[in-house]
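Chains here go by letter, A, B, C and D, matching the order in which they are written, and residues are numbered from 1 within each.
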Amino acid sequence: MDAILLQILNGLDKGSAYALIALGLTLIFGTLGVVNFAHGALFMLGAFCAVTLQRLLSLSFETIDETKTDFLGNPLKVKTPYVEGWFGPEVGGAIIDWAVPLSILVAIPIMIGIGFAMERGLIKHFYKRPHADQILVTFGLAIVLQEVIKYFFGANPIQTPPPDALLGVVNLGSWLGLDLPYPIWRLVYFLFAIVVIGGVFSFLQFTTFGMVVRAGMADRETVGLLGIDIDRRFTIMFGLAAAVAGLAGVMYGPIVAPNYHMGMDFLVLSFVVVVVGGMGSLPGAVLAGFMLGILESFASTTWATTTLPGINQIIIYLVAIIVLLTRPRGLMGRKGVMEE
Amino acid sequence: MLGLNSKDTMLLIVVAFLALAAPFLLNPFPTNSSLAQFNAGYPDLMQRFAIFGIFAIGFNILFGLTGYLSFGHAAFLGVGSYAAVWMFKLLSYNVIPAIILAVIVAGLFSVLIGYVSLRRSGIYFSILTLAFAQMSFALAYSVLSNPKFNLTNGETGLQVYGDDPQILHREGLPDVPHLFGWAMRDNFLELEVAGWEFTFNNGYYLCAVILLVVFYLAIRLFRSPFGLMLRAVKSNQQRLNYTGLNPKPYTLAAFIISGMYAGLAGGLLAAMDPLAGAERMQWTASGEVVLMTILGGAGTLIGPVLGAGFIKYFENIFSKINDNVLHQWFAFLPDGMEDFMVFIVHPFVGKGWHLTLGILFMLVVTFLPGGLVEGGQRIARLFRRRGKKTDTPDPEHHPKETPHVAE
Amino acid sequence: MSKYNVTRRGALKTGAAAGAGLALPTIFTASSAHAFTNEPTGSTVTLGFNVPQSGPYADEGADELRAQQLAVEHLNGEGDGGMLNTFSSKALDGTGILGKKVTFVTGDTQTKSDAARASAKSMIEKDGAIMVNGGSSSGVAVAVQGLCQEAGIIFMAGLTHANDTTGKDRKANGFRHFFNAYMSGAALAPVLANAYGKERRAYHLTADYNWGWTQQESIQASTEALGWETVENVLTPLASTDFSSYIAPVLNSGADVLVLNHYGGNMVNSLTNAVQFGLRDKMVNGKQFEIVVPLYSELMAAGAGENIKGVLGSMNWNWQLTDEGSKAFVKSFGEKYGRPPSNSAHTCYAQVLLYADAVARAGSFAPCAVVEALEGFEFDGLGNGPTLYRAEDHQCFKDVLVVKGAENPTNEYDTLEVVEVTPRAQVEYPPNHPMFGGDEASLGECNDGA
Amino acid sequence: MGILEVKGVNKRFGGLQALGDVNLSVEENTVHAIIGPNGAGKSTLLNCLVGKLIPDTGSVMFDGRSVLGRTPYEINQMGISRVFQTPEIFGDLTVFENMVIPAFAKRDGAFRMHAFESVAREQDIVERAQQMLEEVNMLDKLHMHSASLSRGDKRRLEMAMCLLQEPRLLLLDEPTAGMARADTNNTIDLLKEIKQKRDITICIIEHDMHVVFSLADRITVLAQGSPLVEDSPENIRGNPKVREAYLGEAA
């Protein structure tokens, strides 16, 4: 029982990341009709927003400590972050400690900016082009983005630890009489994902902007005829999708150390999630994200892998095949989207 | 000639010339010059050009003609390679049974995957093929290489060991893949002319001949009623249905044919180098052939071959340019300038070859929507226009250009 | 044996220099024989450095490349000479190899067998490389080793830790300076038993591919020999990034040690996840829960950050060693690149020197002569103390380091500290050990190629 | 017994009764028009005839054989061709290629693996296509990209593609929708000419009364999913029920 609940929790966490990426991906599909292979790269860029902020906050001045030596036997240069110099070790240390959550504030404008730039500078020219061309150009962009990150940050994973206060484990089951130790940061991530997903949905549900975008998803030409500047709104939509993917990346850093190819690792999976959820369906993407996350968790249990060796490697694809063969347009897909 | 019209015959002759003269054409720079780095006329890379050309031609029969975008074609390549190496292990190093079995096994595998995947269209089809291929990859990498039932030899890759049966192996036959004693890795001729050198490799010429045969078959297919039906599938399935034609067997046949092309490519890869690794089936490998085809020009005959050559060239030539080489190139500049130039070029070569490739993808697809073939056409048009400036275009005899249709 | 004819760069260069005016083509056919593949006949000799430059191990490849470049400088008499000064064999004199200046070409393995072989082939076929050195995975090492065997050149593996490289896949033309999974187990087990007691229950998470399996097999065997019990061995997909669903079951398994048979990014993430789940603060069976990482590298340690504090593992070499060879190498490397070398960099550097030395001692570049010179070669002064290249399987035997994550790092490179230097005798095994292919494993014949 | 017999066909979409107990009999070699206001169920009925929809109850017999449960291409091979409201042609292909496809379908059936023959060398097919194009006066556009044709030409091309198959029943779905008067008249002339030259049954769904009364031999009026009347054009014109339900407003 405890083990099962624990796996569900794990699945929800994995599912949160899938859902957030898939959400943006399906928004872009639905509104712009663009297959964005660079969406994984946006997730990666988000994570590197956190890395960059952490590095910026830890920028240090050097003082020479004659009592110690470095690896070459020279006097050791002791580094002290400027932040600690300015605010004192305690406040400064706390600021560095909270680098990841603080990155959210930085990442939102940066990611929206990147989204705008991508849409205006590149994607805009590909609305009328075949999907194959969109794939090629966004794939090229994804490679360029990750190579740029590799150039500056290297290929090795970089630790972005959570704040000390959010480190450690909380026992979720204590009030149920169960033993459910779970890392605090993972709970934070899950709650954060729920908030972001809720935010996106209410934004689309309750604002006029959202209404126009939803109408645009249903029928782009009609809305165009009404004289609404749908293109500009779509640009904003792209920025929003980029921000969602970026935020998913920022907060994911403490769970999996960011590296330059993490976007590619998630790209294929998030496409599967979107398609299983149903093309152009926002609730579908979220549902499929959580569903696949939980199934993946269960498939990783010893029981599953001893019964069916290798099931943990293929579960997501197996489920995708079964869903697509029984439900032609995924769980909640609309007819006619991306079927040509 | 050979049942082709004059334009296609010309195309085939041009391709045959390029393929057969490749050892000369790909080694344009004298061996000692600093540009020798850009020479591609060594056996391994030439083999890869031909093999991935075959792979891309086959992929294009499915994608270019019917518009069905398979994201799992590398699975057939991988299965072909495994089948071929198994033939080496069980029968002998003769490449003929290996290649034949590779094609057959890949064909059967594609019947299975195609039959299921083609029940859906559009992106749903793409994801189904992707899912099958990723499953194949994951299983080949781990479960299918467990000690009890080792079908793929996992990460290390399937290879021939001394204790394999090789029941048809005889004394005197080479201990490497061969065609009736004609070892694939040998060169039948090495030529040195002044500063140039040219290598004529057995394996490459086998690949080149097979490439020409399958290229010829592809031309025939493009010009056949069957090819026309495939293009009709892409253009308007509804009309096709109401014209009394069943799109299903047409697309399935195209899928199987392209799967067999992929199996052939996989078999040839193993024949050139008898080791089959699971990475061949990974989604990145499937993505690569998609990129080759689009980059070269989907739906054109020659485009996929060009795209394959383009990507393999970058992978093998640009990745080998290191700072030492850069310093040699820019040695003629004053010291400061030299370092500056190296600093500028450095991120784009060697370990940065992916970056250059990504940028080129973006440039080509943005400015040449029809791929490299369109680039070629534009250049050709430019020359033609220069040649006869007074020529007024005659709308009757110059029908509108039709991109994405066989050229 | 196979005939592998590759163009002879040297012949060409002299030919071109002597008679550029003579445009008469020189034709070689398959029957025209040279002494051996890529025989260097000009004033230079070319080595091929095949390392991952893209993909997850690109940084490790970059470090290997730095070391190899440094080795070439030292061979050519540039720089401070590094370990050439401490090397027990004095056949090398800083004038290249056999009087030929050393040049090198580089390639990208992408940590994929196919790409690595393509890259190695282009070095052999196009650039006339006489040996291939480097790499960062066992799959790649076995694949390239097989290729070099067939082509008739020498291969020296970089970082490859699976038993198979010098086990069932051993080849006459291939050598490995790095240690292997068996040695990790043999060195680590006594230290573990010492530190954590002999009554421990271990839970293994193992990367689901060849290296992971041999690693797990070795550790299980050597820990069980000392009384540990293995509760469970769970295989994790190589592509995993989030290991939470594999970590969670450990909590209630009754195990009190977690062994992470993971490498690179896998290990960074699985260790991070394990620490997040509070495993290291847990008490099980009345004992402190412990985590073990059998194979460490500096980059993994850097990637895992604080999480490795106090976690035990093994290593081939570490820059903190204080023997003369290591000190000379660290100084030379550190002054040139501003950072201490990694253990894979050390391996690649040492291999270049050892290859060059073997050629010098043999007086020939012919692969079989080099193999003969290296087989059974005993030396000192390249770090790790007295070292043997065993003739039977071409595995290198030397002291193995047991290390643990530094508790109080003084600088960014001080991530690991040496706990014990396990003497060579303790990690030795017979060449026909069952984990190494048993009696059937054979090097085959050395191959000179052409 | 007509060539097409529809008996007791019902079709519901959720709560909407799209077709209610439709009976229809189309006599061989006649032009039968189905008219009715928007939403009367004309298109649903048509889709039931060609296999795109399957009725909930009832039977559809063509030439004594049931079409229910058959796919569109099977029904086409039985001898029913359909012209769509907005022309459905192979936009990526040339006019010639568009014409060749139905010729192959007619000759070789629903599938044939003729991957090694050359289209250009199939003499009978090429001739057949050219002949048909000549009949509809489009021979000069042989090598044009069909997507670049005018709307009227697209319609003619589609019609030619259908006729090339020599169907026994031709279904036309509002063939003059959105056309200017002159084009409409041309279409009427074309259809008359077609009818004159061969034995063919035409079933036409139309809004334009001018077209209907110029062509039809029989007319069925559909209202709210059920047939209101079926009669000759003269009688329909004078029928007060029809005037009230449909023509009243229109006329």
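To be clear about the criterion, a contact is a pair of C-beta atoms (placed from the backbone, for glycine too) under 8 Å apart; a residue touches a chain by one contact, two chains touch by 3 or more.
Not measured: the values here are computed from a predicted model.
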| task | Could you tell me which chains make contact with subunit A and subunit D both? | result | B
| Innermost chain, taking as reference the mean of every protein Cα atom displayed | B
| So how far apart, in whole Å, are subunit B and subunit D when each is placed at the average of its C-alpha atoms? | 46
| remark: When centres are defined as mean Cα positions, the distance from subunit C to subunit D in whole Å is 74
| request: Could you grab the centroid distance between subunit B and subunit C? Build each centroid from C-alpha atoms only and quote it in angstrom. | output: 33
| request: Averaged over CA atoms, how far is the centre of subunit A from the centre of subunit C? Could you give it in whole Å? | output: 36
| note | Going by residue number, subunit A touches two or more other chains at 313
| request: List, in ascending order, every residue of subunit C touching at least 2 other chains. | output: 58, 208, 235, 237, 239
| field | Interchain pairs in contact, sorted by label | value | A-B, A-C, B-C, B-D
| field | subunit A-facing residues of subunit B, complex | value | 63, 67, 69, 116, 119-124, 127-128, 130-132, 134-135, 138-139, 141-143, 146, 283-284, 287, 290-291, 294-295, 298, 347, 352, 354-355, 357-362, 364-366, 369, 404
| query | For subunit C, which residues count as touching subunit B in their complex? | reply | 1-7, 9, 12-13, 15-16, 20, 22-30, 32, 53-54, 58, 61-62, 65, 104-108, 112-115, 117-119, 121-122, 125-126, 137-139, 142-143, 146-147, 150, 164, 169, 208-211, 235, 237-239, 440, 442, 444
| said: Going by the contact rule set out above, which residues of subunit C touch subunit A in the complex? | reply: 55-60, 208, 232, 234-237, 239, 241-242, 244-246, 248-249, 251-252, 265, 268-269, 272-273, 276-278, 281, 299, 302-307, 319-320, 330-331, 334-335, 340, 410-411, 413-414
| remark: subunit A residues touching subunit B in their complex are 35, 122, 125, 129-133, 135-137, 139-144, 147-148, 151, 264, 268, 271-272, 275-276, 279, 309-310, 313-314, 316-318, 320-321, 324-325, 328-330, 338-340
| query | What does subunit D use to touch subunit B in their complex? | reply | 50, 71-73, 76-77, 81-82, 84, 88-94, 97, 100-102, 104-106, 108-122, 125, 143-145, 148, 161, 165
